[in-house]
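After this come two complexes, each holding subunit A, first together with subunit B and then together with subunit C.
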Partner chain A sequence: MPALSGDLVVFTIASLLAIGFALAMVVQKAPVRSVLSLVVTFFGLAIFSIQLAAPFVAVLQVFVYAGAILVLFLFVIMLLNLGQEAAEEDRRPLQKWLGLVAALALGGVLSGAALRAPTPKGMRPPAVVPLADEIPTIGRLLFSDYLLAFEALSFLLLVAAVGALLLSKRRFE
Partner chain B sequence: MSPTLSAALEGAGKIAFVWGVVLAAMLPNLIWMERRVAGLIQDRPGPNRVGPFGLLQAFADVLKMFMKEDVVPLYADRVLHTLAPFILLVPSLTTFAVIPFGSKVPLFGREIPLVIADVNIGILYVFALASVGVYGLVLAGWASNNKFALMGGIRSSAQVISYELSMGLAAIATLMAAGSLRLVRVVEYQAGGTFLGFLPRWNCLTQPLGCVIFIVAAFAETNRVPFDLPEAEAELVAGYHTEYSGFRFGAFFMAEYLNLVASSMMMATLYFGGWSLPFLPSSGLLGGLLSIAVFFAKTMFFVFLFMWVRWTLPRFRFDQLMDLGWKALLPLSLLNLLWTGALILLKVI
Partner chain C sequence: MTGTLPGVAPMAVPPAAYLVVGTLLFAIGLAGALLKRNALSIFLSIELMMNAVNLLFLTYARMRGDMAGQMIVFFVIAIAAAEASVGLAIFVALFRARRTVDVDKIALLKW
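Coming up: the complex of A and B.
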């Protein structure tokens, strides 16, 4: 049993929030509420990143996922007005249970792997976020060691964007 | 006194100071100022009866807001309807944490940097909070169960996403010049050098294009005229806050003014040298206090700019807004990146 520290308290609260709202996202019937639950989950994950002394990752998590991508989700849900559909009767009872079994199996595999992993010794993340600039380091790595992967990924995203544009354009013509 | 305790006290003191200035000194007067500026521009006196020069008008306005009945529409989503104004309010209250409001003051034998939290992700933090704040508008629109409110919410999400991009790309150029995401470093960079040998090295002079893009995008981000389409009263009654009344309507109002102040502070910090002014000392107790005064004077100028524009320009149409964001500002902000990169490579700045 680790000693009760501020870190542990924050970690517990953040993980409870993340897990609780992840569950709420799946169980929730109204799509808008599902999206909002996911936002809270992302905030919980961002807190983990801050505790691991990676505030850059944390803020990107909030900025990109919670701030941009999920706003787009919300935008689409509101535009299509998906509110009514949620009230309909659940017509696929079997899939629900199969999904539960699959989720439990995946959770079992993941937690088994986590429990078997060797515990790192003397590698406690620093409690206080260091003020050194981590961004130049990330930038340097992206443009040296990971240049190929970085460029390939940006090309992939460009292809996806052009594809989406093409598909939506065809509908208008 | 232990270092932890004194650090905590120092932080609490700075939070109290910033919130004190913004919430107690600026906010009530901004309501008054907006109405007086409107009067000035429309060639009429504006509110001048409550107290000297009408200064107490804001208190009358706020009191009125508190006394009004708080109505929740029958078919509204009660939880989200209640939550929405506060989702908007919290990010606008926390933005101030990373903005440096002065240089340093020596107090009790220590140099106290005048910023609440000098984190190495400074500007990203501001952008992240701004993008979270939009949930407040969107949810207010959705939870009201009113088609005008819903239209307002949808418009605001589209608008904020479009303008966030050009705003971020414009701001990246200032970070390139300073070589850091810390806002303290951005201001120090602008204060510590000259441009072309005789001008202060303010980003508004080295990157005039980026400065204009940032200001235009900031108007869109704060939903101010000429980009106040989410609440366009001629088409959408009052947009996302159509179904709000009383205190919670007041919360929307407050958040709008807080965002306005925060945006003005960001303009001053990123492009107009923050707390620095050429030929003005910024060290020592006097210099520190002067730097605070300079910073808030610059902030107030941009607040005035917001009001000036509001009562001068008409509103854009929605397709014009989207065209401007995607077809004009976004390419121009990429051009600005190129320009700044060239200046850095040529060692001009």
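Coming up: the complex of A and C.
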């Protein structure tokens, strides 16, 4: 089936992009380059979201993550002028290796567990929504099943905005 | 487009592939959080880890045909936005006070 192989090609390209630029994000010394690499990773993740039948989440990921949060990061990096920090001498080689080993071990263990996890294939066809009905379904769920979490979240965002204002206010003495 | 039932149509890519990519991204994010010395880069790595978890949630939501996974992703994204605003404000305040965001130099609570 040509459609299936097309999906596979898109998946391969997106995963290569996502993982490659995530690695670039870790390797880069300059924070600005890290942020820009992460933007590409998030676009790869947005492609995955579309493939996983969640186009609204994909749009949200691009708008909120790439559009708002990472721009905020860039803004702060440029505000603090963190551009090129002097090449730090390696003060803790042991910790560096330990961190690398820990990350590799966790990645291996989690990937192994994910591969071995049973796929819920035998389940009855669940309550699915057509793609066109995705947004109305999300809206209905937000205001019914998840109403309390939604309201708590709106309050959390308000508190976060006020807190950010308070924290970054310059005090004149 | 309309009429396709995402939970019923077979997945073109095996779900395990998404799970492996998600866990690898999570591990890369962890490596960044452990290896970086710049507080902003550590924060950035944590954002990557949260997105990797989002991918896992979406994969399981797709596998089960359940909207709950997608709803959790919304909440994660919103909480990440709140966290980013407060965290970056803390870094700005920290930089004003100490002129650095290097976590090796900010060791007030360390022994």
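Observations, loosely collected:
The rule is short, and it goes like this: the second predicted complex is superposed on the first by the 149 of 173 C-alpha atoms of A that agree within 3 Å, B and C clash if a C-alpha of one lies under 4 Å from a C-alpha of the other, contacts with A are read in each partner's own complex, and residues count from 1 in each chain.
The rule is short, and it goes like this: a contact is a pair of C-beta atoms (placed from the backbone, for glycine too) under 8 Å apart; a residue touches a chain by one contact, two chains touch by 3 or more.
Here the structure is a predicted model, which means the values were calculated and not measured.
Once the complexes are laid over each other on subunit A, subunit B and subunit C both fit without any clash. When the shared chain is aligned, subunit B and subunit C each come close enough to touch A:L79.
In the superposition on chain A, A:V71 makes contact with subunit B only, not with subunit C.
Of the two partner chains, subunit B is the only one touched by A:I135; subunit C is not.
Taking subunit A as the reference chain, the count of touched residues is higher for C when subunit B and subunit C are set side by side.
In the superposition on chain A, A:L23 makes contact with subunit C only, while subunit B stays out of contact range. Once the two complexes are overlaid on the shared chain, A:V39 sits against subunit B while remaining clear of subunit C. When the shared chain is aligned, subunit B and subunit C each come close enough to touch A:L60. In the superposed pair of complexes, A:S144 makes contact with neither subunit B nor subunit C. Closest CA pair between subunit B and subunit C after superposition: 9 Å apart.
On subunit A, the surface patch touched by subunit B in one complex and by subunit C in the other comprises residues 56, 60, 68, 72, 79, 129, 131-132. Subunit C makes touch with subunit A in their complex at residues 1-8, 12-13, 15-32, 34-38, 40-41, 43-45, 47-48, 51, 54-56, 58-59, 61-67, 70-71, 73-75, 77-86, 88-93, 95-96, 101-102, 104.
By the touch criterion given at the top, residues 32-33, 36, 39, 55-56, 58-60, 62-63, 66-68, 71-72, 74-75, 78-79, 129, 131-136 of subunit A touch subunit B in their complex.
By the touch rule above, subunit A contacts subunit C in their complex via residues 3-4, 6-8, 11, 15, 18-19, 22-23, 25-26, 31, 34-35, 38, 41-42, 45, 48-49, 51-54, 56-57, 60-61, 64-65, 68-69, 72-73, 76-77, 79-80, 82, 85, 88, 91-92, 95-96, 98-100, 102-104, 106-108, 110-111, 114-115, 117, 119-120, 123, 125-132, 137-138, 141-142, 145-146, 149, 153, 156-157, 159-161, 163-165, 167-168, 170. Those residues of subunit B that touch subunit A in the shared complex are 80, 118-121, 124-125, 127-128, 130-132, 134-135, 138-139, 141-142, 150, 153-154, 157-158, 160-161, 164, 179-182.
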